[in-house]
Structure formats: C-alpha cells, structure tokens
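In the two complexes below, subunit A is the common chain; its partner is subunit B in one and subunit C in the other.
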Partner chain A sequence: MIGLGILDAIAIWAAVGLITSSQYGLLAVLVIGCGLLNGLVLSRRAYPIRYLAPSLIFLFGLVIYPICYTAYVSLTNLQTGNLLSKDRVIQLFEDRYYLPEDTTRFAYSAYLDEADAVILVLEDAVSGDRLMAEAGQIAPFDAEDPRITVDPADQSIEIAGYRRVEGLEIYQIVSRLETLVFPYADRFVRLSTVREFAVYEKQYAYDEATDTMTDLATGIGYAPIDGTFTSADGEELEPGFQVWVGLRHFASLFRNARIRRDFGRVFLWTVIWSVGSVLCSFSLGLGLALLLNDKKLRMRMLYRTLLIVPYVMPVFISALVWRGMFNENFGIINRLFKDWFGFAVEWLDNPMLARGTLIFINVWLSFPYMMLISLGALQSIPEQLYEAARVDGAGMFRRFWKVTLPLLMISLAPLLIGSFAFAFNNFTLIWLVTSGRPAVLGAATPAGATDILISWTYRIAFQGGAGNQYGFASAIAIVIFVLIATISAIGFRFTKRLEEVYK
Partner chain B sequence: MIRRLRTDTVYRIRHILGRCVRHLLLWIAIAFALFPVLWIASASINPTSSLATQRFIPEQVTLDHYRTLFTDPNYPFVTWLLNTLKVSGITAVGAVILCTLAGYSFSRFHFRGRRVGVLAMLLVQMFPQMLAMVAIFLLLRSIGDWVPAFGLNTHLGLIMVYLAGAVGFNTWLIKGYFDTIPRSLEESAMIDGATPFQAFVRIMLPLVRPILAVILIIQFMASYAEFILASVLLRGTDTYTLSVGLRFFTEQAMSRRWGPFAAGAIVGGFVILLLFLPFQRLIVSGLTGGAVKE
Partner chain C sequence: MRKTLLVIMLVSLFGVVAAAQTTLTIYADDTRTPILQAIGADFTAATGVAVEVIEFAYNDLRPNFITATQAEEGPDIVIASHDWVGELVANGLVEPMDLGARTADFSSSALEAFTTGNLLYGMPYGTENLTLIYNKEYVPQPPKTWDEVLAIMRALYDPDAPMYGLAFQNTASNFYQFFPFLSAAGGYIFGNDAEGNPDACDVGIANEGAIFGATLYQDMLNEGILPSSVDWDTLNALVAGKNVAMVITGPWLLNAIQDAGWDYGIARIPAIKGPGGAYFQPKVFMGVQGFMISSFSENKALAVDFLLNYIATTDVMAQIANAGNRVPTFIPAIGLASADLAAFSEQAAFGLPMPSIPEMSSIWQEGGNALDLINAGTDPAVALQQAYDLILTAVGCE
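Here is the complex of A and B:
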C-alpha cells in the first residue's frame, strides 16, 4: 500500500514532466499504466495479477513496446537529417533570421540586476541614436526615466539597481544574449556579433493552407517531399522531418538491385555461419560426450570441468583473445605458421579465411554447451535399447546412427534450433573479432564480408557513413525476426514429427 | 582353451588401447579448450606488453600489467569492473524477484488469460531483445529527456532493459519448477492461518531455492557478458561496463596493449569462473534444462 502511494507520487511527478514537454503519447501510457496498477492492488479479484504485474510492466515497457516501436520506425524515414517532427522543423525554420542588406547595427551595453534580468542600451553605429531593450520590448532611450543617470562628461549611463557588464564578463552572458529577439518595426533585433546587435528579418514563413515554406528573402517556395522541404528546382532545406514512408525500406531491401545484393550476401553468410557453427560445434561436442559417457572413465569430472572452461569465459573476453591470437602480424598462430611453414596467413583480412576463422572461434566457444546437452541426453537413453541392438547384431556405428542419434535428436533438436537462432544473432563475437571486416568494395550499404544481419543492422543504425538510418535498420530487424520466427516454427514442427515417429 | 585365452588377451589389449585412445583424444580436446586461456594467462604475467614478443613460458614473472591496468587513468578498468558487477548484480537479483512472483502466479492462481499469458511469455522471448536495439535506444533517449536517471548512458536504464529481457524465459523456467511442488503444502499452511503471501514466502520460497540460485547465477553471467545493448546505450568511458570497456581498450593498438589487456581478461574471466565452479552442477542443470526428459 505504501509502495503504491510512493509509485503514484512518482507517476504524478513524471506526468507533470510529460505535460510540460507535451509528450502526450507517453502520458497516456503512464496514466493507463498507473490506473491499472491501482486497480490491481485495490481489487480482490486481481490478486493473482499482483504477483505478475512487475514482470508485465517490464515486459510491456521494454520488450513489447520496443518491438511495436521497431515496426513503427521501420515504416518511417527516421534517420540523421530527419529526426524531428514536422512541427518542430517548421518552428526551427520560423526561428531563422537573416541580415538584410539595409540592416542597422547597434553597439550595445548590457546591464544586469540582482536577479540577472537584463537591460540593453543599444546605440546606432551610424546615427548614434539610442534605444533601450528590456523584457522583450524595444523603446527609444528615455533619458527622463527616473532610474537612469547619464554622466554628462562621457555620456556613460547608469541604471539604478543594475550594474553594467564590463569587459570580458560579456562572454559569460553571450549565450543568453543570443536567445533574445526584440520586435522592431516589422523586423527583429538580435545579437549579430559579440559586440553588436543588428536588425534582422525573418527568413522563412510557413503557410499551413498550401503546406509550403517560403524563403522570404528570395521568394522561393519549398514544398515537403519525402520529409524535406524542397524547392521546385530540387533545392532542399536541412533539416528534414520525420514522415511515414510505408513499406519503402522493405521494398528497397528486395527491389533495389545494389541493396538487394548486399542483403543477399549478408543473409547467405548469416545462414552459413549459423548452420556451420551449430553443425561443427555439435559434432565436436557430441563426439566428446560419447568419449566422456562412460561411468568407469577415470578423471571424468576433471575432464568435464576443464572442457567447460571455454563456455564459462564471457564471450567478449574470448573473442578479443582470439582476435589477438589470429592477428596477422604478431598473433601466436601466425608466428607458429611462420616457424613451421615459413609463411603467414591473412586470417582475418581475407574474406573467406575470416569467415572460416570466425566459425572456428565459434566452435571453440560453443562446443562445451553441445557436449553438456549431449551428455545429459545420452544418459537418458535406456541401456536396454543398446543391448537389444547388440543382440540384433548391430555394430558400433550402426548402433550410433540407428539408436543414439535419432533418440538424441528428439530431445536435442529444440536446443539446437535455439543455438541456431543464437548464432544467427551472435553480434558480440562477430563484432569483437572482425567488426564485419574486411570491407567489400562497391557495397551500397556498410556491409563487410563477415557482417551478419544483426551487425549489418547495427552499422546502418549507428555507424554508417550516411548517418544513422534508424528506419532502414528497423526494417532489417523486422526481417530478421520474421526469418527467425519462420525457421523456429519449421524447426519445431519438424521436431514434433520426429517425436511422433520415434514414440 | 588356448584359443579362448587368446581372444581374452586380444579383447583386453583392445580394451586398454581403447581406453588410452579415449584419454588421448580427451586430452587433445582439453588442450584445444585451454590453450587460449593459458596463453592469455601467460601474457598477463609476461614482462613484454607486446603481442609480438610474448612467450608461452615467461622468462620472468611480473605483475606490472596488473598494476598498469588498475592505475591507467585513461582506461578506468576498476570503474568498468565495478560498473559491471553493479549492473549484473542488480539485474540478477531483480530478475529473480520478478520472475519468482510471476512464475508463482502462473503456476498457482487460476485467472482469465493465464494460458494466453504463459504462451505470450514464451513467444515474446523468441524475439531477441537486441533486435529492438534501435527502438530501445530511441526510447531511452526520449525517457532521458524527462527522467535523466533512466536515460541513455545510465546504469539504471541499462538495468531496466536487461531486466525486461530476462523476464520472459526465466518466468517460464521458474513456473515449471513451481509446478513440481505439490499444492497441498501451501493449502495446509493456509489452513493453519497463513495468508497467501505468507504461504508463498514461508513455504514455497525455501522449496524453490535451487532454481532461484540457478536463475541468479545465469542471469548474472548473462548480463556480465552482454555487449550489444551496453554498447548502444552507454556512451561515456566512465559508465562503460567491462565488455564495452575492454573493446574500447583494444580498439586501437591492440598489439601494443596486449599485456594489460591480458591482465584485464584474466581478472574479468576470473570473476565468472569463481562464481561458476562452486555451482557447476546446479548451473549446468539449469542451462541444459529441457535436454533430458524425465
């Protein structure tokens, strides 16, 4: 109950923040969330959900909502240069000013009071006329103002309650002065250099009826095309804004010839990589499990413990260690190669070799897991089955192929599919060993020879030469998800069939 | 008679030979498994800090690299390690609490949407959370605008993200464990006057301790090793976790920083090894859960 009170208090505080920053979507989520939460704790019928609610909140907030949000972003052009909403961009342009040729420049002095309110005294650089700017208004300088005393000797001005900002101190308030805009006739007075204010004109006006942005200096109209205000002859105004682009990202993934080539290559390698890793590490792991699966074997536990070590080491450590060991010039592996065979191998710089090396490293990382699950499954196969097979005259290999493997597959297939899905998205290993390199010449997107889909996505979102293409990256993430879901679904159906066959 | 003796000996020799081959193969596999670990351990106590001149058996043993590692102001390794311990520790404890509550609810209470809920949990955890990295990044960035403590580059934000990712699978795991415990235990406690919550805390929790330990440790190890989300969300060297930090450390001039890196790898790996070895059986049973049909 007390917890609920505190939570509500926090929620209200957050809600105020949301209202002031006008994030109404999030506000709605918050209100509904809190409403549900209160109902939960106060209602009897919702008792079971009380246990569930904390998990659900996390699940909805940071798993399900992001999934939906990913889908949403994949349909927009969200990327560097198109990050803001249209309203913000319009406002941004409407806040832009330019210096007309017939501008007037003012030297100024600034005065601050105790509360840091600022008064500016502006002096026309040509005519010497004075103006006074205060609280967003400009008025002619009034020497009769009771607060003001003008020193008759050097014409310097004192304002009662204010002190003049002297010398270099101006630099401390210059960022504040930059934000000041005073309407002046039908123009605006703003800071132009550190020492000067000047008369500006607004540069852009947005017309809601025709949805165009007009450059007031040149008279050119800009109409929004694909989230950028563009003039008739193709000139674009930066920044652009976020718009809905529908399925365009997906279409370009499959239709745009150059992107499709990148996508195809990355996808093919991703599949080879995950299938290759799983098959190789499973073979090795199963082999070792068969060796270990003998109760009379001495030092069995010691062997098992030592063999698990690669699996226990955090991947980010082993990946970096392997990268060092495969280093072309200094790594131990090439040093040995030079000693034994007299040549060095470009382990990580040749596209094909880099791929092979990566699979090799992944086998090292994951064979212990395969060994452990195989051991468990082996031990659950009843001994009688082997005896029956032996009586029927089956040799060792036949027994393995006809009894062990099919039975293992029933219980291991789901785990192997899981491993496949994990390898499919094993960003850490790829990224820490090769970062997707070596680069591929002529690629339309940042896709290296060893990039798998997820690292390709990461690059497009966070590292691309073309800025952060969040929309496109999200589209690829959705495609990956669909692929994995399909593969898993087929896999599970397949294992179900397996089970039926062998039951 | 002679013939029988001979087959006996042949059989025995073959048996012993088989044994030897078996041990030999296992030792080869162990050499393969341990070589990188031993190599990096040796690098961390080698006097040279260069990748090119490291020897397997160091000429002399030195702890210089550890000293460099712990004192280098540009690469605050200690901060990274503490950050990682903090993030993974809180995530692990949080995940255990959340998943125990949720798993208990799914296992014991009957309410509308229970079946759908269990199924949804399973489905959701099929979607790897990192696929939504862009969305999570954008989400945390906008959260950070009004609650900076949960925004980008904060540990709280990262912990929340990890927790959310941990909920699906572990809830499911723990629900299965609760299912194996007979209902009559709580029922009798409640007849003796315990509230449902008391029955849960006093009776059930002690019984499921093993699975809680498994989840605690597995979750700790998972967050400890997590890289992609941390590298998307953390943006300053002082907030880095170990995985992002070590990557940052080796990004340039890895071959010259090999020694200190090796020391870092050993320290980082040691933490996990220390946690893993005492609970080996428990963790293995958790990790390979579902492999063995009862």
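Here is the complex of A and C:
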C-alpha cells in the first residue's frame, strides 16, 4: 500500500513535468497506466495479476515500446540536420535577430511591481533620450505620466507602485528580460547584454498560410522540401526538421546496389560467426562439464571455480587485453611466436586470421556459460538411464550420443538459440577487438572483413555519410530484428520436434 | 496510512515547484572542470547566480550535449571542439555569439574555425595540432628533411629491443595522424567553393600528391623501420619504455613524455622531398577548442556575460590553456603559455583548420579504411581511390 502511495506520488510529479513540457501523449499513457495499476492493487478480484503487473509493465517499457519507437523512427528522416520538430525549428528561425550597423544601444533600469510585472526605462547611450517599455509596447518617456516622479537632483526615476531593481538583483531577472521583444519603428528592441538593450532587425518571418520562411533582408522565400526550408534555387536553411518519409529507408536498403553487394558477404560471416562461436564454445563447455561431472575427479570445486573466471571478467577488459596480446608488433603472442618459430603472425590484420581470432576470443569468453548450463543439465539426467544403457552393452561414446546428448538438447537447445541470437548481435566484442576491420578492397560500403550486420549498420548509419542517420539505422535494425526472429522461430520449432520425439 | 500517502504526494509537488532559481549550467571535461568551478564561484560571489559545472569525459561531451539539448534540456554552455560546429549548427543546437569589442582579443584563425555561414558559434580558448617531439638522448638535433628522418630510423632500428627511430599512431582509426603525409605534396580533404565554404564534392585524398605521400609511408612500413598497428596504448608504452626516439603527436602526449623522463625537444615535422625534387612541408590538422552556448539556453545573456567577463581574462585563459597543454588563442595570454606550447605553434604555421562540416565523418571512416588497406600492403593509389569513390557516394555527390 505504501509502495502504491510512493508510485502515485512519483506519477503526479512526472505528470506535472509532462504538463509543463506539453507531452500530452505520454501523459495519457501515464494516467491510464496508473489508473489500471491502482485498480489492480485496490480490487480483490485482480489479486494474481497484481504480481504479474510489474513484469508486464517492464515488458512494455523495455521491449515493446523500444521496438515500436524504432519502427516509428525508421519511417522518419531523423538524422543529423533533421533532429528537431518543425515547430521548434520555426521558433528558432523566428527568434533570430541581428544587430544592424546603425543600431542604437540603450542603458536600462528595470522596475518590478508586486505581481512581478516589469517596466523598463531605456536610455539612449549616445543621445541620452529616454524610452519606456511596458507590456510589450515601447513609447517615448513621458515625464508627465502621473505614476512617475523624476528626482530633479540626479534625474533618477521613481514609478509609483513599482520598485527599481538594484545591484545584483538584475542578474536574477535578466533571463526574464531576455525573452522580451518590443516592436520599435520597423525594428525590435531586445536585451543585448546584461547591462544593455539594443535595436535589432528580425531575420526571418514564417507565413503559416503558405508554409514558407522568408529571409526579410533578401526577400527570398524558403519552402519546406524533405524537412528542410529550401529556396527556389536550391539554397537550404540550417537546421532542418523531422518529417515522415514513409518506407523510403527500406526501399533504399533493398534497392541500393552497393548495399546489396556487401550484404551477402556480411550476412554470411555473421552466420558463421554466431554458429561457429556457439558450436565451439558449447563443445568445449560440454566437454569440460563431462569431465567435471566425473565423480572420480578430485578437487572438482576448485577447477569449476577457476574455469568460470573468463565469464565473470567484464568483457570490456578481457576483450581489450586480448586485442593487446594479439597486436602484430608488440603483443605477447607474437613475441612468443618470434622467439619460438622466428616469425610473426598478422592475427588481427589478415582477414581470415582476424575472423578466427575473434571466434577464439568469443569462445574463451563464453565457454564457462556453456559449461555451467551443461553441468546443471547433466545433473538432471537420471542415473538409471545409464545403467540401462550399460546393461544393453552400450560403450562410453554410444552412451554419450544416444543418451546424454539428446536429453541435454531438450533443455539446452533454447539456451543455445538464445546464445546464437546474442552472438548474432554481439556488437561489443567485434567493436572492441577489431571494429570490423581489416578493411576490404573492393567493398562498396564501409564493410570490413569482420563486420557483422549490426556493426556494419553502425558504420553506415553513424560513421559514413554526413553525421548520424537514425532513421536509416532504425530501418536496418528492424530488418535484423525480423531476420533473428525468423531464425529463432525455426530453431524453436526444431527443438519442439526434438521434445516430442523423446517424450 | 492515508496521511503518509498525502505527505508523500505533497513533498513531491514541492520538489517540482522549488526548482526555479537562476543557475548557469556548464558541461565540461575533467581537465577544465576544476578551473570552471573556481571561476564559477567568483561569478556567484559577484552576481548571485549559481554556476553548476557537470563533468564528462571529453569524448562524451558532444553526444550528451546533443541528447540533452534536443530534449530542450541540457546546459547553457558547453566546452566544444570547432569541428563539432557543422553538426551542431545543422541540428540547430547552438546559438550564434557576438564577442563585440572583445573580438580583437582572439586570434583570428581561431575565430574563423568557429565561424560558419558568417556567424560565430564559439569563444575559442586553445588550439592543438600534431608536431614532432624528439628525445635528445638519441637525436641531438631535430631533422630538417625526411631524408634525415629515414637515416635516423635506419640507424636506430632494432626489432628485438625493440627500438624505433619514429612512431606515431597508425591504425585504421588514425587518419588524423596519417594526414600530414597526404597533405605534404598536395593532398587535401575538401576544396572550397566559390564562396570559400568547404565543398563536400571536391575531395583531394586521392590526387597525385596524396598518393606520393602514402607511398612514402608504405615504403617505411615495408622496410620495417616504422612500426605498424601502433594504437594509443602502444604509443604510450613505446614512449614510457623509451623504445622510440621521435614521435609525431599532439600536446596530449606531453605529460606521458615528461613522466617517462625524456630530455625532449619539439620541432616541425620535417619537409618531404616531392616527386619533382622540391621540398614540401607536411600540413597538420588544427583543432580549436572553445565554449559554445546552447540555442535552448534560457540564460544566454548571463552565459555571454560569464564568458566575456570571467573567462576571457588573461589569467583564466592562460590557466585553461596550460591545464590541457593547449596553445592559447586569447592574444593577451599567449605570452603566458609554456615554452613547449609555444614550440607547438611553430608547426601551426603549417596547419589547416580541420573541416567542420558533418561530411567529415565519411572522411574519417573511408580515410581510415584506406590507411588500413595501405597498412596491409594494398597499392596506395588503389586504396585511396576506393576511399575517394566511397566518400563521394556516401555524401551523395555521384
């Protein structure tokens, strides 16, 4: 109950934030979500769902929402140069003023009343003429105004009902003064520095009816094309804004000949990499598990603990250590090779060797996991089955192939499929060790010899071209998502068949 | 029970309301944070406006600034490098600045680097560039030409010690360090259009001069006298173990060189004899660092006031530049820079401001791949031509 109270308090706090930043979509989600949650907890009938609800929320927040958002981004032109919303960009242009050469600068005094309304008395720095700015309007200073008294001695001004902002307080209100703009003849008076107002020219005007941005100095009109205000002769205004582009990214992904040419090669290596890593580390892990499972082995606990070490070391550290060890000139491995065999090997610089090295490193990192799950699964195989097999005269290998492996596969196959999907998208390791390199001669896109789909995507979308292409990257991410989902679905169907066979 | 609930709700409401007090927020890197905190305290004492400095690793500044600002949050001021200007302006995240009468206090080339479309977007505090640093123990006099460099490299070369005459970072992510070789005999990144702005479709990394320099580089690798696959960690290890006599590097390696106890000198990167027999001075990228103001700042006047009256003073500018080993761009502070930094500006005479347009990312990508291929023994002409073709397609200039 207290938990619910805290949750509601946080929700109210978040709601206030969302209202002030006018995020009404998220607000609706928040209100509905909280309402449902309160209903669940307070109603007796929904008792079991109460405990399921948190995980459902996380499932939605951390899985479904990101997928939907990625799909949404893939249909927009979100990228460097088109990050902001159109309203925001129009606002930026509308707020752009510049100081003309014949500007006038004013020293100013600010006056505040009880309700924090502000009056400014501006004094022309050159001529000494005074102006008064109030409620968005500017007017010549009128000493006859009944509210005003001018001290005859030092010309200082008092305004009835208002107090003059003195000393440091100006720093507290200057950020408010910054937002004030007063029309003045054809121009505008705005704050220029903390101590000064000045006459500015407005640079752009936006016409909502025709949806054009006009440069007021040159009179050139800019119409929005593909999320950028563009003039008739092709000149573009920075920044651009986000617009829908429909399926354009997917079309360019499938139609682009350069991308198609490299896709096959990268996809093939991605599959070899994930299948190879999983098979090798599983074989090694299972082998070790079988050894450790042998009751004749002494100090099994010690070995087991030691063998888990690669798994508990953070991959960021071990991957970088391995990269250093495989360095061609200075790595420890090549130093040994030079001492023993008299030659150095290009571990990470030769395309084939770099692929092998990567799989080796990945096996080293992941075999302890395979060993752990195999050990667990081995415990669950009933001893009687082995007895029966032995009675039937099956040898050691026959027992392994016919009893151990099939029974293991029932419980381990889903985990292996999971490992496969993980390796398929193992950006971290590839990026830390080779960053997808070595480069490939004749590549049509920045696809290195060890780039897997996800790292290749990263290079195309974030490191090539001009800046970050989030929209395009999301489109590729969706395609990869579909690929993995398909492969996993096939894999799971296959395991299901296994289970039925051995039932 | 009901009461507890009510109290919690009320407290959280107050938290929302009480957040309104004028604060100037700055995103800075670890080197500059302590200095800005001290100056910020002065500013608070003088104006009553709080200054909050949020520290990031240098490489995290830009992504964090972009993410936060895009959501209309983020700082008022950010420490930035001039080559971010293109991306930040294209995204509409930074505000033009007017230094007014103080413009004359800054080196004009540094201001130029922060200018795009005739608007200034940053107040510069320091520049950085590559140069040659040599260990006087092995190289008493700095070499003047590349022939002398080769002679030193051959004399000192010992793969077993190991000992090398020259080293610099030259993995695929070090196109920056590779550029002096391309530029010496006429390679360039982007040409200029009629208005003097960089033209992304005029790429000069595969012209005759560039191929000449890349071939010179590859010959050193093939001869074995130049170590390959040197990354940042390897270079540091070579310097710390005094396994190298000369390095081409920037001011960021100075601390490591001092820690390793080198008796070092700083000189220009020696001239390369070109195809016609004439000597060419390698040109390096110039990076300029400075302060930018967010276009979503609600305290722009305060931010400018802070920058012009508290940061742009001789003492503070010298302090900020020296702390990160950068050459000051604030003219009154140049005299206060350490002698090492003054030596770096020798090479700066042969510096090109690093282009700041977003298309630069494809140069890093494909230029790096070309370097990777050249390292692996591919003909430089072929590798650079492939990079050239891929850059033009990637930036849409086909």
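In this text, the second predicted complex is superposed on the first by the 288 of 503 C-alpha atoms of A that agree within 3 Å, B and C clash if a C-alpha of one lies under 4 Å from a C-alpha of the other, contacts with A are read in each partner's own complex, and residues count from 1 in each chain.
As a working rule, a contact is a pair of C-beta atoms (placed from the backbone, for glycine too) under 8 Å apart; a residue touches a chain by one contact, two chains touch by 3 or more.
All values reported here derive from a predicted model rather than from experimental measurement.
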item: First (subunit B), second (subunit C), both or neither touched by A:39; value: neither
item: Partner chain(s) touched by A:171 [first = subunit B, second = subunit C, both, neither]; value: second
item: Winner by number of subunit A residues touched, once subunit B and subunit C are compared; value: B
item: First, second, both or neither for A:439, with subunit B first and subunit C second; value: second
item: First (subunit B), second (subunit C), both or neither touched by A:488; value: first
item: First (subunit B), second (subunit C), both or neither touched by A:480; value: first
item: Which superposed partner A:297 touches (first subunit B, second subunit C, both, neither); value: first
item: Contacts of A:406 with subunit B and subunit C, given as first, second, both or neither; value: neither
item: First, second, both or neither for A:81, with subunit B first and subunit C second; value: second
item: A:17 touches, of subunit B and subunit C: first, second, both or neither?; value: both
item: Set intersection of subunit A contacts, subunit C complex versus subunit B complex; value: 17, 21, 324, 327, 329-330, 462
item: Touching residues (chain side subunit C, partner subunit A) in the complex; value: 1, 4-5, 8-9, 11-13, 15-16, 22, 46-49, 66, 70, 72, 87, 89-93, 98, 100, 117, 162, 172-173, 200, 227-231, 233-234, 237-238, 295, 298-302, 304-305, 357-359, 361-362, 364-366, 368-370, 372-373, 375-376, 378, 382-383, 386, 390, 393-396
item: Of all residues in subunit B, those that touch subunit A in their complex; value: 22-23, 25-26, 29-30, 32-34, 36-37, 39-40, 50-52, 54, 97-99, 101-102, 104-106, 108-111, 114, 117, 121, 124, 126-139, 142, 145-147, 160-161, 163-165, 167-168, 171, 196, 221, 224-225, 227-228, 232, 242-243, 246-247, 250, 254-255, 258, 261-262, 265, 268-269, 272-273, 276-277, 280, 284, 287-288, 290-293
item: Sites on subunit A touched by subunit B in the complex; value: 14, 17-18, 21, 23, 26, 47-52, 54-56, 58-59, 61-67, 69-70, 73, 78, 284, 288, 291-292, 294, 297-298, 303, 305-310, 312-318, 320-325, 327, 329-332, 335, 364, 367-369, 372-373, 376-377, 379-380, 411-412, 414-415, 421, 425, 427-428, 431-432, 454, 457-458, 461-462, 470, 473-474, 477, 480-481, 484-485, 488
item: Partner subunit C, residues of subunit A touching it in the complex; value: 1-2, 5-6, 8-10, 12-13, 16-17, 21, 80-81, 83-84, 88-89, 92, 99, 168-169, 171-172, 174-175, 177-179, 191-194, 238-240, 258, 324, 327-330, 348-350, 435, 437-439, 441-446, 448, 459, 462-467
